[in-house]
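This report refers to the structure that appears directly beneath it.
As written, the chain order gives the labels A, B, C and D, with residue 1 at the start of each chain.
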């Protein structure tokens, strides 16, 4: 019996290993591109050239080799905007993802392990939050606190902490019923100590998987906010802004929509697969 | 009854798909009609595997490599899957281990007893319900009509185990496989259930394969037994002979390891290392012998 | 013959324990209570091995958890070495906790799956300020007959019997006065069962431990215990020295229990 | 009795939740810096005009006072008047809600069919390459949100192979004889399949965009649940009776496997409705979400409040309905 499980595990691991490499690879490329955007961009992402608008990308009739991915309707370089947009996407992913994760997990852990009134309060808050349509809530918050990178990050944290809180709460409740928690109590560990030393390591794999998922979601939320013109500013290059523009001129210049869309797809997919891959690779219980 | 055993297993070998690790090693077994045969061993010895192989419910990762399983002379392994299934359904039944999970929580008790009669054996419904009623009375459950209408959660663990016994005998199977049927129960309830199984088995003249880890239970319900280690039968014997003088050293050690409150110093003895080494060596030698033959 | 009071390690008087039945809680007001333990009084003497036996729902595990104060009794007193621990808060209990330890039924649940065996044994030692923690943990592994290299393994890499040994090692490493063993062999095969029981028997002798051994199996209890407490539906139905209980059981329930055990023995009158 | 009590408690917590939503949205949007009144008046309006209008909408009172007035209005069915559209908020919301409900309903039906099919196929063919493909495919499908699926579909079926309309709810030139806003339902009831085709054609892409992630989630949850159920003793017992694989999955396992997934799917369905906000925007579909974004951009406070409360009401009602279904399907609760 033991043999067959190791075998199956091995198969799954190989498949996930590949996923881990592919998703990690794309995110690495993206990070490098974002860091070295000024060196890689052939043009300034903001400089307009009204005469050179809607130049198609490479290998299409009428392409201009200095604009490998073409230009948008205002003649701005799609590649440059993509690279600089990647910077913003990554910053949002990292900062908003981590902040959401820390706040949501902490609340979920407290509610799930301590139960009692902290759980009552946190659960009621979760219920209230779940009754808001998240996208509308985010748009509303940006409208209230005004556009800008900080606002976006803040909005994501405010709307999405429940994702962590809900899952971590349930997990902490399940772990709290295990005898190793009773055993820690017999050993004389404090409640808070047990939560941090015994429960936390057991919910961490779930948290990590959620974290990378959340990073992907943060990128999407940023894109959605840019799409409804509420993100940073209409000028700054963001993938969502490019998509919004591409959506309106999709019949005239499909490439303005396609390239940022491909980047978003790959990034979101990579983040979600990365989490699963990491969990499978580094969790001692699964290993 | 005929001389021929109702259940006859010969040279049954099962292994893991892929790695080919053997799980059953050339098992030979014969259970005459109307007799109870115990299968004993520690966890992983393959005792449940034999019952599963007969019933055709082996895990997907396990395959039967060689050997024959004959029910009433017909080799099941040679039948096409659908025919094998209905034949097994008509001739055998299973009494499972855990009464709490062995009844479908979203279906009423009645259909769970009668479904085999109606769907597989083609009885008409009224006759099947009559039969169910009669069986519930036989397992000493009061108010059969109420029970037939109940859902499993409305009944106690002991009641559910009685229902499972009734359901097992419903189609007058010729062979019943009881897979640790009392392990989940308290010792006082265990006694009642074991007696009930014995009574029913005797009254219906059913052959029975009784899987258990408890030699005490074997001594109370079986006429013969086989001791397994690592998927190999190390000893088969009649119960009278076995408990007077087990032939194999491993059997002896297992008997000495069994709890017996009447003899606190002669029971619960750890299996000596020499015995473990000897039985492991025996299995290894068997594997080599097979390899040499092939 | 009455014992001098210092001989008594645990004194339990009129112990009651009930839990609220939340499934039948009315919309307002408190839930009705389920009475699990009713008026239990007994003592556990220093150095003795006390068996607690009962069927499922007898309250034996609840009693165990009340003794090591994983549960707070709702009435009566539990005295440990003269200190009334019935309602002590966690803070006041902490210094005492080193002295009474527990071994759990299911090692898969009681060993943190994401910590190594070494870390599992060492964590309680560190909490109580022991010196030379690594040596103590290695010695504990020696004492339970596990190779020291097992300290680097995770619980899921061990067999059932080995896991239960880790649970024992964790408890004895603390050098406690008292250990509660709750159904610790019921999940094991008979051969591992015998090994674990032998091990425990030896440790009790060598370390001068006091042991309360909870089990549903009278045969196992008899092997290990000098005195036996029979629990049935939250009440002590019989308390007697081991030999006496098996020779002449007094309570109806005890008789019924003994008569129901199927012995691997053809001469037993059973049916 | 047990059931009634559980239901009462759920109702109470639902009311607390709704009240919480009302409080939060009311106070959050009153921190809005832009002045909605100024936007309504032509440039150069006098201070007196502004004050008069402020009083008309109640903005001259303190925020808690405004809340009490608004809340008592809501309890009487009066959600106030939209500032930009100058119509009662309730009328506006009720006018748009059917479009959103039809869209979400269609998406749910599509998701349930696809998800159920995936789960059953994956269970029937477990251990095969097909199952592995379903796992990998649904794992990827659910990590891509509806917004991206919508964009992908616009590119595929709007531009690359233009077979579907990418904007609106119905072709504007069509004459609609409808008396309600449930266009799709009414077109069927009136047997106007020409209109039905046009409406469904507009709805298909946004509905698919919403349905794909949910179908992957339903597929995964139900398959996982089926897998666990298939290991239970009663399923094994059914096999030994002589039943085949299909019967075992459909009659023994499915019903019990659906129960634990039901509550999870309820939550996921509310996420789907939340997703309509941006998907409606993407496809210029005239539903509630699209109007909500306009309301935020125009700082139409009464309208924002009204829409958010309606969404919250919808979400809590769905969760309540799911719990009721759970209780009805679960014999343990039904005959408790």
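One rule holds for everything that comes next: contacts are C-beta pairs under 8 Å (C-beta built on N, C-alpha and C of every residue); 3 or more make two chains touch, one makes a residue touch a chain.
Not measured: the values here are computed from a predicted model.
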Touch-network distance, subunit A to subunit D, counted in steps: 1
Comparison of B-D and B-C (more C-beta pairs in contact): B-C
Farthest chain (mean CA position) relative to subunit C: D
CA centroid of subunit B to CA centroid of subunit C, Å: 34
Whole-Å gap separating subunit B and subunit D, where each centre is the average of the chain's CA atoms: 52
Between subunit C and subunit A, distance of the C-alpha-averaged centres to the nearest whole Å: 49
For subunit B, residues contacting two or more additional chains: none
Shared interface positions of subunit A, touching two or more other chains: none
Sites on subunit C touched by subunit A in the complex: 65, 68, 70, 90, 93-95, 97-98, 100-102, 104-106, 109-115, 123-124, 127-128, 154, 156, 170, 174
Contact footprint of subunit C on subunit A as seen in their complex: 178-180, 182-191, 193, 197-198, 201-202, 204, 283-285
Footprint of subunit C on subunit B - complex, ascending: 42-43, 186-188, 190-191, 194-195, 198, 213-220, 239-240, 243-244, 253-255, 257-262, 264, 267-271
Residue numbers on subunit C that touch subunit B, as the complex places them: 55-56, 189-191, 193-195, 197-198, 216-223, 246, 256-266, 268, 270-271
For the subunit D and subunit B complex, residues of the former touching the latter: 126-127, 232-234, 236-244, 252, 255-256, 259, 329-332, 335
